[in-house]
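In what follows, chain A forms one complex with chain B and a second complex with chain C.
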Partner chain A sequence: MNLRELEALFNPSSVAIIGATPIEGKIGRVLVENFTRRYRGKTYLVNPKYSEILGLKCYRSVKELPEPPQLAVIAIPAPSVPQVLMECSEIGVKAAIIISGGFSETGTDEGIRLEREVREVVERYGIRVIGPNCLGIFDNYSGVDTFFLPEERMKRPPKGGISFISQSGAFASALLDYMAYNNLGIARAISYGNKVDIDDVDLIKFLKDDPVTKVIVLYIEGFKESRGRAFIEVAREVIKKKPIIVYKAGKTPRGGRAVISHTAALAGDYNIYSAAFRQVGIIEAETFDEITDFAKILLTQPLMKGNRVFIVTDAGGIGVMLTDALVKEGFEVPLTPEDLKGELRKVLPRHCIPDNPIDLTGDADDERYREVLEIIAFKPYVDALVIGALPHIPGMTMKLADYISSVMERAQKPVAIINIGSEVALKFKAEFERKGMPVYESPERAARALRALYVYSMYLKKYEVV
Partner chain B sequence: MNLRELEALFNPSSVAIIGATPIEGKIGRVLVENFTRRYRGKTYLVNPKYSEILGLKCYRSVKELPEPPQLAVIAIPAPSVPQVLMECSEIGVKAAIIISGGFSETGTDEGIRLEREVREVVERYGIRVIGPNCLGIFDNYSGVDTFFLPEERMKRPPKGGISFISQSGAFASALLDYMAYNNLGIARAISYGNKVDIDDVDLIKFLKDDPVTKVIVLYIEGFKESRGRAFIEVAREVIKKKPIIVYKAGKTPRGGRAVISHTAALAGDYNIYSAAFRQVGIIEAETFDEITDFAKILLTQPLMKGNRVFIVTDAGGIGVMLTDALVKEGFEVPLTPEDLKGELRKVLPRHCIPDNPIDLTGDADDERYREVLEIIAFKPYVDALVIGALPHIPGMTMKLADYISSVMERAQKPVAIINIGSEVALKFKAEFERKGMPVYESPERAARALRALYVYSMYLKKYEVV
Partner chain C sequence: MIHRALIKKAILEGRVKLLEHESINLLESYGIPVAKAELASEVNEAVALAKKIGYPVVLKIVSPDISHKSDVGGVRVGIDSDDGVRSAFNEIISNVSERAPGSRIAGVLVQKMAPSGGIEVIIGGLRDRAFGPVIMFGLGGVFVEVLRDVSFRISPLLEEEAYEMLRELKGARVLNGYRGMPPVDKSSLVRIILKVAKILDENPEIDSLDLNPVMSYTSGALVVDARVILRSMG
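And now, the complex of A and B:
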């Protein structure tokens, strides 16, 4: 496969929207709005019914276009799709995203026949296709956006390093909207639908060398034929450059049956998948929360060199919860060595607790955090820090984010922050995350996320990638 | 124990704030502000240094008060506390909340001696005491609020049916703030600190007969001496009237050591606690998230009669995730019986999937939901519904909340809603929750919460409480 062909999908210099329409509420209308909003390349509209849409010229067919566009976005009734895709191929279009449904997912003879015809065009002409029956691509850098839900229904996340591939369109749109709300940055998101051509395997191969993608996330229900094995083999190489997080749906036999109803995929034996994922260093998110919990720590934090974690907190209870959670995830929470205790006692008031968890107590201020962090972050027996900084204490200000990020950057060790609450907490969260530190509301979720980072770190170390 | 004594703590007709001060940033100032804001009873301020604070008369000592207040809130340096508590007892004060720290938690001889002196006053005079070294009580109905964090730092939640008891003050304040942000209603919250007198056992006994408390939540690190056994025995009775959710901190030996540093409590053998909790029907929250996830379903939903769950969704992927999650939690997700399939096919377009999970697909609207729910909710083989209503589809409006709550109320069966995303999702969430239905962002968390409801339902059934 020529990966540069896939460039035409994500970063085309020109796009034709086939099935463009001025009618409100129609997919073809949302597509026109999406492309006129952010896409910087040339946009051509195609629909024989119109000569103009929203002030833009509209062409009767692709054959009338002044140049062959690099990408065709096809949103027309299924029966016309094979013919139009062939016309696109003939004029030299490199890639197409077929949004239209009405193919094999219907289970009807006609749908299956139409999908076979699409595949025949792909095979004959070599045009690269995403879909049919999909949301397509949201590319935050080029502005390609075929997710046909309007902004009022689905917010677009900020630019960032996470790329996301989903076998479920609805799940993809929900996750994008969720990430927008949580200010998590996206590079590219792909919903591939019936994957008549391009599938997960092609996509992770492409994202491996994509400079803006730092972490790859996948929602997978099942693979076609031998593509499961191919996925594992390709993933093995991708992992060496960037982490892959997989949420596998259809884990139970009953869930597998639901997969058949949903995407007609075979969910396969989950235990075999899970073992294969683990073997090649793919990180499995076992819950919805873990998808973004894991992504944000893998995106921002340096690798771990060992499993010894120190806790610094202003809330004793959070310290206890964190200790349990970290131990449960297999971390060592070492007792503070005597000489370190001595150092800490020099800077801490008598009522503070130098044991790990180090409890700065409710009268802590930024300065007390700073002094303690400057001492412990550089100790060779500290592999990571978790900071339980509840923002309800009067002494905590936004400076704390600076202090923590400064010391952790110099120490080159990972950190995770626990922060629980309402408006004040959200302001602190935003500031911590702006400074590149992952924030969690739950001690257990922070511990799980740190474990994902640890597992990835140890995998790379084992295979001497780092 | 006379439980009516505890009324004086939660709903006193008059309060004295001993240690009141006009100095900004001091605890005594926040307490004055708290009580002048919402408390309706008579508030007396006591501090020999002032004759007036924020426009209110201030008394030199409790002996000069025109009447004995029912409740004394004490926020003065530890060495003066035993004497002042004795004076309170002598004039007939029924109960006191001792906010001041500087007692046994310091581990010093003086602190231990002062705490013993406080205990001696309690034993001699029978005054009931919360504390010392605590945040005290937040009572959302009477307006008693000794949580000395100002509103800017810690929001107060709306009135509601959850009461919360915490061995960690910081955790209590974080949870209140978190609940305020998530619009979860609180009845009473108690941080009891060193529990020289009143402890968890007394408090759950009191809350058992408290008409505004519907669900009791506890954060527990450890019990004193024989109080663990007493707690279990009392809980056994409470459970018959209302559910108890416990988050036990200090689950691991390493966490237990952190507990000793934090509250000097003995965490005890977690497995023994956990088994005892299970035996008497206490629901254990294993993570921070589960505390409120469980509370809101137990608060709002009727009991389950069996373990068969049907899923209705507009997003196939969410349906698959939910199926896995429910099966993992031990639920049965039955296949849709043939006759029900027939009924559903009559109201559903051909591309919808009548199998369980019932997939209404992305072109669903409120009406399609309503028609399906009216059919399935009343089937005898449906024990609960989980509805994966992703709000990104154009056909979904706020009417959906009405439709669902109307049918579920008539069917008298529990429901949980999955809803993921940003502003649109939050608007739907608010509307669903206003109508008394619990909303979750994660399929796995919804399944865990439903399981908590199921376990509680089955416990009551087994002991023929219902």
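And now, the complex of A and C:
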């Protein structure tokens, strides 16, 4: 695979929007607005019906363009797509995103024929194609944005290290909007639709060497023939550089597999997907919440060296809940050793509890957290900290986020924060996350997320990648 | 390359399944330990084979038309004498002609009875459309039938990954020894798992295979029953 061709999809110096239109509510109009808003390269508009759209010159066909654009975005009725894609190829366009639907997904003879014609152009000219029937690419760094959902309906997330690949366009846009609302940063998002050419395998290979992508998230329904195996082989290499989180939809068993053998009867599609992911160190998010829960911790926290977790909290109940949740996920929540207890007693008031979970109690303030963290974070038998930081007690201020991030950065150990509540809690959450620490609204979600980090850490350790 | 000839023969005859003795020969050619077995076409041959293999033995009907041998009275176990072989052989033939009339009969398999004291496991493989060869491991009996306690890996798999298949079962403790029993020989199971992967990798005609049961002992393991399904070429 030629990486420079995929680069043209994400970071082209010029783009042609084929099917551009001034008519409000049309896909071609949203595309023009998207590209004029953020994209800094050269944008050409193509539509034989117009000579000008929103003040920009519009060309009758791609053949009339003054230069071959590096990327063609095609949003025209399906029957015209094969012809236009061929014209693009002939003038030297190297990559195209076909937004249009009306292909194999319709199940009609015509749709299947049109898709075959598109594939033939790809095979004949070597043009690299995303789609058809997709949202295409949202690239937060280059400004390429073919997600044809208007900004007032689908907010764009801030720049960040998560890249997201989705078989479903609707889910891709929903997740992006959700991430924007939760202030989670995205690098690149791709919805590939019918994957006539580029699929998950090509995309994770590209993202492996992408410097701005730190965590890869995938929404997958199913692989095409033999592509599952190819995916696993590429993923083995990607995992060594950055974590992959997969949400597999279509988990419930369905028929279709001949059940002549026992093994086949027991297998079921989902079991095989799940096993394949685990085998190469891909983290599987089992629920929607886990997608971002896992991404946050893998994006921000260092790897775990062992499974011993210490809990520091201002709320005893949260400490007990956390202990249960962590033990259930296979972590050790060790008793505080006697010498550490002694050290802690020197800085803690008598009513505080130095056992693990270490309860700073309701009269705690930032300083009490700081003093305790400075002692325990550096102990060799502490592999991670989970901090219950309920903001309802009067002694806690925004300085706490600084204190925690400062000590954890020096200790080079992972931390997760539990924070539950309304407006004040949300302010604290924002501050913790601004300082690069993952915040969870329940002990169970924090424990599951830490488990994801642990599994990834141990996978790398097992194969001596780190 | 005995196994290549076996597979070709089955395909030429339009079969989607290897016969019991063919499946056993295939496994043996890959060095998988199988309870020793040979096919007898008549009763005196069965007695001779039983003597050669050594008592106790099991007799099983071999027919391309019968997949559930016990259901038609096609299996007799715990036979420990020449006379026992004779009566079991005749009984099986008469049972089958009564309960599965018209079935083609390839012969009766005379197989060494596996020693007692082992734990039953199942090792299988199948060819998945998206992932290619997939290997399965599970504990036998109620664990697999009711609890579906099995693990999977995609081929090619590393030795360490085969060990993980054993470890990640919910009932993994059974292999580590329980009720005062010593742990089973895991390395022998891992060797079979890796060989099953190799069989699928090297024989694209095979769609799936079951080694069920495999008896796992404190030292070694033994395949007792095997079923190999070919891809239908229709």
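In the analysis below, the second predicted complex is superposed on the first by the 451 of 466 C-alpha atoms of A that agree within 3 Å, B and C clash if a C-alpha of one lies under 4 Å from a C-alpha of the other, contacts with A are read in each partner's own complex, and residues count from 1 in each chain.
Quick note on the criterion: contacts are C-beta pairs under 8 Å (C-beta built on N, C-alpha and C of every residue); 3 or more make two chains touch, one makes a residue touch a chain.
If you're wondering where the values come from, they're calculated on a predicted model, not measured in any experiment.
> So in the superposed three-chain picture, is A:P394 touching just chain B, just chain C, both, or none of them (first/second/both/neither)?
first
> Once chain A of both complexes is superposed, is A:R229 in touch with chain B (first), chain C (second), both, or neither?
It touches chain C, and chain B stays clear.
> Which partner chains sit in contact with A:K462 here, chain B, chain C, both or neither? Use first/second/both/neither.
Only chain C is touched by A:K462; chain B is not.
> What's your read, chain B or chain C touching more residues of chain A?
B
> Pick one for A:S168: touches chain B only (first), chain C only (second), both, or neither.
first
> Is A:N271 in contact with chain B, with chain C, with both, or with neither (first, second, both, neither)?
After superposition on chain A, A:N271 lies in contact with chain C alone.
> Using the touch definition from the top, say if A:G317 reaches chain B (first), chain C (second), both or neither.
First partner only, chain B.
> Based on the A-chain superposition described above, do chain B and chain C contact any of the same residues on chain A, and if so which?
Shared contact residues on chain A (touching chain B in one complex, chain C in the other): 258, 261-263.
> Please output the residues of chain C touching chain A within their complex, sorted ascending.
Going by the criterion above, the answer is residues 16-17, 122, 124-126, 128-132, 134, 136, 138, 144, 148, 150-154, 157, 160-161, 207-210, 212, 227, 229.
> Chain A touches which residues of chain B in the complex?
25, 101, 106, 149-150, 152-155, 166-171, 173-175, 177-178, 180-181, 219, 221, 247, 249-252, 254-255, 257-259, 261-263, 286-289, 314-321, 323-325, 327-328, 333, 335, 351, 353, 355, 357, 359, 362, 390-394, 420-426, 441-445
> Please give the residue numbers of chain A that touch chain C in the complex, ascending.
222-229, 232, 258, 260-264, 266-267, 271-272, 274-276, 279, 462
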